[in-house]
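By letter and in written order, the chains are A, B, C and D; residue numbering begins at 1 in each of them.
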Amino acid sequence: SSGTPEVIIPGASSYNGLNLVPQMGWNTWNAFGCDADEELLLSSARHLVDFGLRDLGYNIISLDDCWSIGRNSSGYLVESPIKFPSGMASVISRLHDMGFKFGIYSSAGTFTCARYPGSLGYETQDAELWASWGVDYLKYDNCFNQGQSGTPKISYDRYNVMSQALNKTNREIIYAMCNWGNDDPYDWAYLIANSGRMSGDIYDSFNRPDDRCPCTEAPGCAWPGFHCSIMNILNKMPSITSRTMSGYFNDMDGLEVGNGGQDDNEYVTHFSMWAMNSSPLMIGTNIDTLSPQNLAILSNPAVIALNQDPSAGAAIRKWRYFVDFDDYGQGEISLWTRVLDNGDTVIALLNAGNSSRTMNATMDDIFLDQRTAGAYKAPPELSETWDVYDLWANRMSNEEAQAILDGGGNATVSNATRTETYNATATSYADGLSNNVTALYGAHIGSIAPSGTFTAEIARHSVGVYRLRSQGSGSLRKRDEL
Amino acid sequence: SSGTPEVIIPGASSYNGLNLVPQMGWNTWNAFGCDADEELLLSSARHLVDFGLRDLGYNIISLDDCWSIGRNSSGYLVESPIKFPSGMASVISRLHDMGFKFGIYSSAGTFTCARYPGSLGYETQDAELWASWGVDYLKYDNCFNQGQSGTPKISYDRYNVMSQALNKTNREIIYAMCNWGNDDPYDWAYLIANSGRMSGDIYDSFNRPDDRCPCTEAPGCAWPGFHCSIMNILNKMPSITSRTMSGYFNDMDGLEVGNGGQDDNEYVTHFSMWAMNSSPLMIGTNIDTLSPQNLAILSNPAVIALNQDPSAGAAIRKWRYFVDFDDYGQGEISLWTRVLDNGDTVIALLNAGNSSRTMNATMDDIFLDQRTAGAYKAPPELSETWDVYDLWANRMSNEEAQAILDGGGNATVSNATRTETYNATATSYADGLSNNVTALYGAHIGSIAPSGTFTAEIARHSVGVYRLRSQGSGSLRKRDEL
Amino acid sequence: SSGTPEVIIPGASSYNGLNLVPQMGWNTWNAFGCDADEELLLSSARHLVDFGLRDLGYNIISLDDCWSIGRNSSGYLVESPIKFPSGMASVISRLHDMGFKFGIYSSAGTFTCARYPGSLGYETQDAELWASWGVDYLKYDNCFNQGQSGTPKISYDRYNVMSQALNKTNREIIYAMCNWGNDDPYDWAYLIANSGRMSGDIYDSFNRPDDRCPCTEAPGCAWPGFHCSIMNILNKMPSITSRTMSGYFNDMDGLEVGNGGQDDNEYVTHFSMWAMNSSPLMIGTNIDTLSPQNLAILSNPAVIALNQDPSAGAAIRKWRYFVDFDDYGQGEISLWTRVLDNGDTVIALLNAGNSSRTMNATMDDIFLDQRTAGAYKAPPELSETWDVYDLWANRMSNEEAQAILDGGGNATVSNATRTETYNATATSYADGLSNNVTALYGAHIGSIAPSGTFTAEIARHSVGVYRLRSQGSGSLRKRDEL
Amino acid sequence: SSGTPEVIIPGASSYNGLNLVPQMGWNTWNAFGCDADEELLLSSARHLVDFGLRDLGYNIISLDDCWSIGRNSSGYLVESPIKFPSGMASVISRLHDMGFKFGIYSSAGTFTCARYPGSLGYETQDAELWASWGVDYLKYDNCFNQGQSGTPKISYDRYNVMSQALNKTNREIIYAMCNWGNDDPYDWAYLIANSGRMSGDIYDSFNRPDDRCPCTEAPGCAWPGFHCSIMNILNKMPSITSRTMSGYFNDMDGLEVGNGGQDDNEYVTHFSMWAMNSSPLMIGTNIDTLSPQNLAILSNPAVIALNQDPSAGAAIRKWRYFVDFDDYGQGEISLWTRVLDNGDTVIALLNAGNSSRTMNATMDDIFLDQRTAGAYKAPPELSETWDVYDLWANRMSNEEAQAILDGGGNATVSNATRTETYNATATSYADGLSNNVTALYGAHIGSIAPSGTFTAEIARHSVGVYRLRSQGSGSLRKRDEL
């Protein structure tokens, strides 16, 4: 049968009932590496609140590697008293009070990647400790795994031990596997986890190939590595697109937006394509020094709503062509599409070529899957007229973003006339979408007639993201209602 | 020794004695996905009878995914009362009364692909239930398999549990493995199953590459995927051709004929090459709205007889050349041959190039295997003259097909003067072939002399399929009689 | 350490003490497939004796697949009473009386490749039976193996069961693994077997690629297949050359010489390169109808002595270039070298291009390994003058070969003036080489000076094979004496 | 998280506390193969002392394969009485007295590679014996491993048995795995060993491809082989660079410097790139006949200090371009960089093209990692001015080297005016570097300004190696202090 599940039976939407849309939050690794302490966590949390990011949905504070100093005589992990003088439980409690979930980190190995104590063989004890601290989220890495890999079964069994241990705590803990796509988790990880990394580690480059990230395909990658560029990771998604589903997301790794290695267009592309593919959106930069441009990217409610859509699916790359190559020998354009829960279709025209260009998306390409889904008559989508909404048209201005950064809060700014923002703490994106909240739909820029073509000018290393709504959408049936 | 078994010992022609020629029938998935209910099954069955398709051999009604609502407190699967208000056993009984076998669906995993309950761990209980219902056929999928893959042994053991469970029911149940060719079943699946999918899922496109179907070779494919085109699947067959055998068939997936994504030539090619390779022939379109063109394709007795030939072997691709590429970068021509049970040889000249062309098949290429089979003197085939029969020449006209569709039966049409049809319910294809029933042999169009060349004009994306009979075939010995 | 063992400890030259040089004999499969009976075995044996082939070393009669009719009520295999009316034990006894060893066939699976009963699970019983019959040799195939493959360990364990069973019989039985190189036996098979197939099955073509033999490399081949050409198999040897050793040989499959699919030059190349690489030399044609040309190839004592050299090593391909391609897109030339037990070096200049050409071998290339073996001063080989002997110069004339075929024996012919033959039954090749028997050294045709180049005109699809002897060889030390 | 551990917790710097910087010494195999006896060991040891090599750090005498004659009736290995008439324990004792550690050799298989007894199944007994002899180092090979490979777990388990056995002896024994990178040890070997070979065996060629070394990538190599050139091995490092760490080094195999197969530039490149990548430095030539040129290469304290830097990391290849190809089809240039413990950065401009050329390294490339490490503001490295030290500028002259070789010691030469050498026996490289000993820093040749470019003329098949020191290095913080 088709790789894309179309019906979700009760209880099967997630192995533990959690994470039905991709997790959002902030993680320490990309910007700080090992250098994270309670002061950083609390300061960042305050700024996430102040800048409106928490209420946009970034509500997990995810502490990464290097937080422990070893195990005590009872075998329990001990947090560093230098980095966490208040004690971890106290820090977590304060973060909870600020409206955040708290994420801990460990590895399914003898050591973590930075050679701190790992949890392999200590799964029950560690899960118990974390639950007692109030942990809500676990990023679980793959380093120093005692060779327990090489077949899906070996990896499944190893990661399942922690899954069972978390379940036994009776605390709701989102389980984020970080095994880099080893042993093709795409067929098995949904059964035991809420997300799973599908590539080697990201680095802050748009498309520079790096010897340390040798694979260009996700399945069967023998050595995922690290220093994988945005485009490298993105291009590993199309073959595994069907393995993103509600409750289990293919994690494209934390965001690099704000870290300085890419230009504004590139960060827009990075953020948009992560959103398109239902990747977790974990901010990975220094919040305390965030620039207005980067705040504007991270704060686009229309793009976040795409990411948080209840459809919980990945995008499909309909075509890809290699075009004018840059010094790295890279250059390509592609069309991505995704059908959303309310029947809208989002398209992304990605220009990863080395110059600006006019790009086209035909109705035939946009609705290729409907055309070839076994329909014995023409699919209705092809005979509809579709309104087009540009999801980046209402991007917050730098001035407004600076005001938020300066003002220490978005309360005042949310009354501004120019940009509509969103409070997901108050109203979920699903509800907002159902209610047709305009901030979630971008700007109406035109329409596409049946058998028409959508055309847009896309800058170098940028992307246009457009939501298509059928003018007759009231009568449009979803595929699984045919 | 050679990969092609030449002698079948008693009891070894199939692991359970069933399916000595490829299964034929109709399956719900390609056209309807999850949306199948008893009304659809019964209506389709009626039309299969009325249009003569049942009697041409399509005698399995195969229900695919999404039929259950879970397990009851005893652990038994429960059919959806909305989709199957009469109860599954009752539906099956009515289908039996109409002369059909009934096929059920499950997955060797925690869930089915559409996330309904799977049978992993419930094999005995599920087999018992199905047998009690009167199930005759099982399509057994591979989704959510708990990582139980990665070596042939792991997959064999998992699929063998269901094989043993089916055997224990003492009901004759054809076992159709659907593990997409994972872990190279070509060496082991014959021992436990009656057919096995050898690729990712088909979609209704002749040759468009799709990112979701990344492999172009069958053995060692790490990620079979789905959205595999006709040509993609076909080109995975040549290296595993020897692993098609009586009682175990390499399943190229259900037919797309009738679903609208290909033109008439392409559907002829699709159907012909599935027949050439002894793939199961499971119709996958809406029978109730079948067009005359598509009925004519599905109803060609000469091509079905090729598929149902007792030789039960796959075709051999003798050569392949890349030619004028289309917009997808695709374009190729090839010669396929297959020796049949009565000593005839069928050849297929496939033009998957982007324009019509004259194609040639030399006697040396057609009989390459005989020339190089270790014969210490020239093989007799090369010194014979062969009569050529075109298997598509007597294709039913659209008018006649329309009459069948309109008339609600082929009883009246079978008396028509122009097309000879066939009733396999009354007389097996094996018997028909032995009796030289002309409907099974197409139209005589000429002959090929020793060391001659056969030439034909083949349209774009089409195929010519020709049966060669030796004029001295009475004296021709089969290879295993040498 | 280096992959080439240089010192053999007592008891370690073979796992069971047998087959210190490659097995030679005649096997039924390539020419006869399943159609072998006692009449064929005995008739072929008589001709092998009459034509002098037994005494040249071809002293194993190897019966292949299809000899049994199943197991009796005690579980013992039963030979076909139609094919073996005298009973297998009686046939074997008569072959023993004629000076032959007898080889049986089975598969490490449920069935043999032709679907006769296999030995998986019956290893002890089958080995006992064969020993009781007087069997001296087992070809053990890989079909229908219940998925027991996928890691070296799984294959090792499966094949080791039969190895242990054979040992327990206390009969000397040469164990010829036929697992097509699956799971890279090159690191483990020496411990349990006397030879091991390293590719898919051969077919009688010099270099035509065939879809059924998809791999071009031996290690890591996921699907060895069959219909592998001479050049395909040969080109899989260079990367595993170090895994040929005394007591365990990489089996390139039975010879096709005489089967009609190649010209004389091609058969000379096939035979020469099998000899160069210490492959078993199992004749695979109809002895009863052998042509004089093919007898002359199979009877060349100088080339057989190369194969039977106590060095028991494979050749090294020093260079390979692609040259004028034929219609199959094939065309290449290469230089192969091999150091023999007495310090001689044999070189083969292989022209697999599509036309005749002048080929060169420089001293630097011939002695590349010595030059780069860690010597801290120039290796002595480079400063010697080497006499050159052409191993094919004294090929038996067709007239003489015809006389042998006509005369029913080589007794009379061996007194002829023109060709010197050899009786390995009386004197082993090792002894003959030690005694400088001229028949084993070909014809002296010149010499190569230090830093010189050897040049020869090589016909299309042919090979020149030359033995180099140092003029100062008395003082030449072997590598392991340095 | 990032593949590069940045913080080492107490006790985790090495699985057994040993080998925090790469081992250095002399090994018998590359030059002598099996032909090593006590006389060779003792003579070589004396010359290592006399030529100053021991005090430069080459303080392990590593005996390779072929030393035993089997096991005695108690199962203990017995050394050859011909090669080691004094007994191994006595030889070891004398080497200890000369200030050397002693290395033994075995294989995790039934036999060693040269088919002497292996240790598989005898791990405890063999480790006990070696400890009783005073062994300090084990090279543990992979031949004849009974098929115990194929997944990381199988290899880990096999190699771990010896690791545990060595630990139980309570003697400090450095454990050097030699499994050729099979089963990707990069994720697991750090837990059980001190170094691990990552490729097939080296041979004395700069860049000639050899059929016996078929892989060009380290991860996933199915058949590592042997006869791997310097460039072949080097180019397998970039993707696994993060898996070199203090206490576990990726072993690029023993040095070929001095064996005659490469020119002086090539040996300089070989030695430099091994040093850059923290490979063990095991001399593999005949010390007794060492040339002055080769002594000069092996004696460069500035390059050895790079190898022995406490950072214990591998280099990163920042770019690679293919350039003018030679007769082997080889030709490339690349830039490698490495950050050292004191904040210095070393760059290597490698010219493996076929002619001399001007090469450039930009600040942007040199500090690419810092630029893209998630920094939210420009890294300080890019705004510093860096002094450049050429690590080969002070290479010992041939005259001086000859004097050392003639004089039998470097005591007198160390007072010479022109070259400063180093005594690591007296002062570790770490201490020497901390003390800014000038011999370890090469010659100051200039500086690079912020956003500048370093340019050098590099000869064919050579390398320039330069240490960069920030002029403001006092204020430079290391990455993990950010």
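Keep in mind that, in the parts below, contacts are C-beta pairs under 8 Å (C-beta built on N, C-alpha and C of every residue); 3 or more make two chains touch, one makes a residue touch a chain.
Keep in mind it's a predicted model, so treat the numbers as computed, not measured.
Colleague: Just to be sure I understand: going only through chains that touch, what's the smallest number of steps from chain B to chain D?
Modeller: Minimal hop count between chain B and chain D: 2.
Colleague: Pick same or different for copies chain B and chain C, depending on whether their interface residues overlap by over half.
Modeller: Comparing the two copies, chain B and chain C contact each other through largely different residue numbers, since under half are shared.
Colleague: On Cα atoms, by how many degrees is chain C rotated relative to chain D, nearest 5?
Modeller: Superposing chain C on chain D takes a rotation of 90 degrees, nearest 5.
Colleague: Provide the C-alpha centroid distance between chain A and chain B, rounded to the nearest whole angstrom.
Modeller: 42
Colleague: Whole-Å distance, chain A centre to chain C centre, using C-alpha means?
Modeller: So the centre of chain A lies 59 Å away from the centre of chain C.
Colleague: Going by the contact rule already set, what residues in chain A reach two or more other chains?
Modeller: Residue numbers touching two or more other chains: 150-151, 154.
Colleague: Flag every residue of chain A that touches chain B in the complex, lowest number first.
Modeller: 1-10, 12, 150-157, 183-184, 186-188, 190-191, 217-220, 238-242, 316-317, 320, 371-378, 479-482
Colleague: Could you pull out which chain C residues touch chain B in their complex?
Modeller: 29-35, 64-66, 69-70, 105, 110-117, 141-151, 154, 178, 200-201, 203-205, 211-212, 214, 222-223, 225-227, 256, 258-261, 284-286, 289
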